[in-house]
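Residue numbering begins at 1 within each chain, and the chains themselves are lettered A, B, C, D, E and F in the order written.
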Amino acid sequence: MARGGKQRSARAPRARLTHLDAQGRAHMVEVGDKAVTAREAIARGRVRMSPATLDTLQRGTAKKGDVLAVARIAGIQAAKRTPELIPLCHAIMLTGCELAFSPDATQSVLHIEARVRALDRTGAEMEALTAVAVAALTVYDMLKAVDREMTIEAIALHEKRGGKSGDFVRARKP
Amino acid sequence: MARGGKQRSARAPRARLTHLDAQGRAHMVEVGDKAVTAREAIARGRVRMSPATLDTLQRGTAKKGDVLAVARIAGIQAAKRTPELIPLCHAIMLTGCELAFSPDATQSVLHIEARVRALDRTGAEMEALTAVAVAALTVYDMLKAVDREMTIEAIALHEKRGGKSGDFVRARKP
Amino acid sequence: MARGGKQRSARAPRARLTHLDAQGRAHMVEVGDKAVTAREAIARGRVRMSPATLDTLQRGTAKKGDVLAVARIAGIQAAKRTPELIPLCHAIMLTGCELAFSPDATQSVLHIEARVRALDRTGAEMEALTAVAVAALTVYDMLKAVDREMTIEAIALHEKRGGKSGDFVRARKP
Amino acid sequence: MARGGKQRSARAPRARLTHLDAQGRAHMVEVGDKAVTAREAIARGRVRMSPATLDTLQRGTAKKGDVLAVARIAGIQAAKRTPELIPLCHAIMLTGCELAFSPDATQSVLHIEARVRALDRTGAEMEALTAVAVAALTVYDMLKAVDREMTIEAIALHEKRGGKSGDFVRARKP
Amino acid sequence: MARGGKQRSARAPRARLTHLDAQGRAHMVEVGDKAVTAREAIARGRVRMSPATLDTLQRGTAKKGDVLAVARIAGIQAAKRTPELIPLCHAIMLTGCELAFSPDATQSVLHIEARVRALDRTGAEMEALTAVAVAALTVYDMLKAVDREMTIEAIALHEKRGGKSGDFVRARKP
Amino acid sequence: MARGGKQRSARAPRARLTHLDAQGRAHMVEVGDKAVTAREAIARGRVRMSPATLDTLQRGTAKKGDVLAVARIAGIQAAKRTPELIPLCHAIMLTGCELAFSPDATQSVLHIEARVRALDRTGAEMEALTAVAVAALTVYDMLKAVDREMTIEAIALHEKRGGKSGDFVRARKP
C-alpha cells in the first residue's frame, strides 16, 4: 500500500477518525487554520454491462450523443452539490470539473473518470468520487430499460494533489 | 442472464432507450398512463477497505455508533433527492426506506443494502441504488483520513417488485 | 395532558420510537398501508424582542411591509422543503399553507402561526413546525442588526386533524 | 440589556434595518467592502418534553445512539443550507460546525448547543441558530409518536466573535 | 384577448389575486378540494442572438451535440424544481416533460418549447414556463463568451389542458 | 454591435465555446488561474401584461405590498442558487443583490432589474439574469389567475464590471 505525504497509517493502534470527536460524535472538522491551496482530485469507476447494452450505448453515443451528455451533466452537478449529499463535507470553491467516459468492449464496461480542481482549505476527493458515482447512476438510469443487471464497480480515488497531507497516487488497482 | 417479467431483451436488434426520443434526445418519459402500484427495490453494494480500517470502523461502531448512523442518514436523504441527482428520474411517492450495513472481516468489506418502497407509476430502483451509493460515499468520507485506498464496489439492483415490467430477482452475482 | 384519538401514552413502559427499528437504527417508517386522508396541522411560536425592536418591526410593517413578507415566504418555502431538512420525514402532498403574524406589545413578542394542509398517508405536523421555526429565524435575521438578544420561544404543535391517530388539540399552553 | 462591541442601540429613534433599503424593500446587504475575518457563533435552545419522553430518549441514547445522531446530522446539514432557508443570508465559508446535546432530567428538557466557525465577510449567527432549530425539530420528529406536546424553547444567540461589530456575549438568560 | 374555459376577466373591477388572501398577504392557495386530473402545459420562448452566434451554435449542434443537450437537461431539471423556485407553487406529480429547440436563421433566434404533463390538483403552467426560462439561461451561459448581447424573449404559455378552468390556447402571438 | 473590453468577436471564424472542450464535450471551465476581483452585473427584463392586470398589480402593490415582495425574494434566492440551475456555472461568492421593479402604464409592462455583486474569479452575469427570470416567473405565477397571456420579454445583460474580459455596457436595446 503506497501513499504519498504525511498521511497516517491505517494500522496505527489508535487511528482516530477526524469526523468524530473525542466522544465519537460526528462533527464538521475545523479547517479554519489550514491554508488555501490549489487542489486536484481524480476519481474513476466503471459500469459493467452486457455486450449488447454496451453496443446500444455506443451506437447511441455515435449517432445521438445524449446518453453520455446527460451523465456528464449529472456528474458535474453532483460535484457541486457534494456538501449537500455527504453530511460532514465542507462546501469548497470548485474551480473546474470535467468528466470523461470511455466504452471498453474488451471488458464490457464503460469507464468513467472525473477530475475536479479547487482552491480551498480542504480537498476535492469527495467531489470527484461523487461525480463518478452520480454519472454512473445516471448511465444506469438511462440504460436500465434494456439491462437491469448492470453493476457499478471500482469507484476509487486515483490521484490527489495539494493540501498538507501531500500528494497521493493510488498504488493498487481497484 | 435471468430476468423476471416482460422486460425486453438487451440483445434485441432495436433496443430503444426509453429516456431518448425517436431523434435520440433526452426527455422525461411519460408515465401518466401507468397505474399506481406498490413498488419495492432492493439494491446492494460494498466498500472494500483494509483490515485495519474495517477494524477501526467496527470498534467505532460498537462503542460510538456514529459512523454508520451518519451513512444511514445520508443514504435515506439521498433516496429522497434522487430526482434532483438523476436528471430524467421522476419524483415518486416514497413510502419507506431503510439501510442495513454489515461489516465482513473475511472479505474485508462493509456490505450496504437499501430497501425502498413506493406507491407510484414508476419504480424505486434508482432510489435504492442512489441510497447505497451515497451511503458508501459517506463511509468513504468518514474513513478517508485513515485509508484513501478504499473502493466502492458492486452497486447493483438485487430485487424489484411491482409495476408492469414485473418482478426482477438478480441472477448473476455482481 | 389531554390527547385526542388513539395516541399511545408517553408513560407506557416500552414506548417504542417509530423512527427507530427493533435494533434502534433510524429508518424512514413504512406508510404504504395507511390511507390517504385530508390532514391539517397548526403550529405556533413567537419571537421575544425588546419593545424598541418590536416598535421598529411594527413601524416597518405598517409603512413598508417587507419584513413580515420575507418571513412569510421563508416559512412557506420551508414547509415545502421539510423532507430535505428533517432526515426521516416523508415528502407529502401539501395542498395549502399559510402563515400569520401578530405583534403583541403587551408581551413584547411577535406571534407566528402556520397552518398546513395535506392529502397524504402521513401528517403535516413537521411542515407546520418547520414553517414557524424558519419564519422566526428569518425575523431574527432581519432584525438582528438592532437586537441580537431576541429569543425564539414556544414552538409547539397546537392542533392536528386527520390520520389514524385521530385529532389532537393541545391542552397545555407551551 | 448588555451588549458587547459597537452594536447600535435598539432604542435609537431611527434604527434602520440593514436588510431593507431606504424605501423599505428587502435586499441582500452588500458586504464586499468588509474584511474576511475568523468568526464564531454559539447558539443554544432546548426541547421541553415529559419526563417519560426524556427517559425514552436517554435510554435510546445510551443503548442505541441513533436519535441524537440523526438530530446532530440534521443540524450540521441545516447550518450548511442556511442561505437557502433564510432568504437574505449570504452563503459563507463555514470552516467547522459541531452540535452538543445534554438531557436535563431536573428541568425535563434536552439542551442543544451549536458552535459554528467561518472565515468570511459576514457572521455565522444565522448558521448556528438554524442548526439548533433544525436539530430541535428533528428531535421532535423522532419522538412525536410518544409525545406531541413537546415544545421547542429558548433558541438564542449566546456568543459571537469576529467581524466589525465586535464580540457579543449574551447578558440575559433567554 | 381570447381565453378558453371559465377564467374570469382581467378587467373585472375586483379581480382577486388567488395567491393573496383577503388582507393581501401571500399564501399557498388551498387545492385540496380540487380533483386530480391529467394536465398539460406548453410554453415557448426564444433566445435572440447574432447570426454568427447562431451559426456557432448550429455547427456545434451538428458536430458535437452538447450545447442543446445541456440546455435540455437544465430545462427538465428546472421543471422538477419549480416549487423551490417559485415561492407559492405547489409541488405537483409530473408525469412527463420534454424540450424541443429549433434554430431559426431567418429570425436569428433559437426557439425553445417545453411540454409538461402532470396528474394533480393544479396545473403545470409554471413548470413549462420555468423549463423554457432555465433552458434559455443555459443557452446564454454556454454562448456568452462569444456574444453577451443575446436576449431572452417571448416566454409565454401557449396551451394548457385539464383542470377546472378549462383549456387555454393562446390567441395573441407573444 | 458595441462591446467593451477584450471580448472576442462572435464573427471570428473559429469562435470556441468555453463550456465545451476540444471534443465538444461540456465541462466546467477551469478558473483557478484567474484573479479574485470585484464584479458587478446588471440585468433587466420585463413582464408584458394587459392594462387591467397591470392595474391590479399596482393597486395590489400600493395597498398590500406582497406581490412584488414575493417576486423580489424569489429573485434574490434564485441568484443564490444559480449554480444549481445552470449546469456549468461555478458557485461564486455573492456579496450583494438587489431587485427593482417599475410598473410602466405607457408600455403596459412591469420592468425588472437585478444588480448582483461578487468577489470571485468569474462573473455574476448568470446570477443577475437568473434573478430577473425567476422574479418574472413569480410575477406570472401570482397574476396568472387573472391573465394567462402575460409574456416575459427582453431578459438581457445591461452592464458588467470587473474581470479580465473588461467592462461591458450594452449598446443595443433588447
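Annotations
As a convention for this text, a contact is a pair of C-beta atoms (placed from the backbone, for glycine too) under 8 Å apart; a residue touches a chain by one contact, two chains touch by 3 or more.
Just so it is clear, the structure is predicted and the values come from calculations on it, not from any experiment.
Contacts with chain C and chain E are shared by B, F. Its interface matching that of C-E in over half of the contact pairs by residue number, B-E stands out among C-F, B-E or E-F. One inter-chain figure worth recording: chain A and chain D are separated by 33 Å, centre to centre, where each centre is the mean of the chain's CA atoms. For the pair chain B and chain D, the distance between mean C-alpha positions equals 34 Å.
Look at where the CA atoms of chain A average out and do the same for chain C: the two points lie 38 Å apart.
Annotation: 17 Å between the Cα-based centres of chain A and chain B. Under the contact definition stated at the top, the residues of chain F that touch 2 or more other chains are 25-26, 64-66, 69-70, 72-74, 77, 81, 84, 87-88, 91. Pairwise chain contacts present here: A-B, A-D, A-E, A-F, B-C, B-D, B-E, C-D, C-E, C-F, D-F, E-F [touch as defined].
For chain E in complex with chain F, the residues that touch the partner chain are 1, 3, 7-11, 15, 17-20, 23-26, 45, 48, 50, 52-53, 56, 60, 63-67, 69-70, 73-74, 77-78, 81, 84-89, 125-126, 129-130, 133-134, 136-138, 140-157, 160, 168, 170-172, 174.
Interface residues of chain C facing chain B in the complex, by the touch rule stated above, are 21, 25-32, 83-84, 87-88, 90-91, 121.
Contact residues of chain C toward chain E in the complex are 38, 69, 72-73, 76-77, 79-81, 91, 93-100, 117-119.
Remark: chain B residues 64-66, 69-70, 73-74, 77 touch chain D in the complex.
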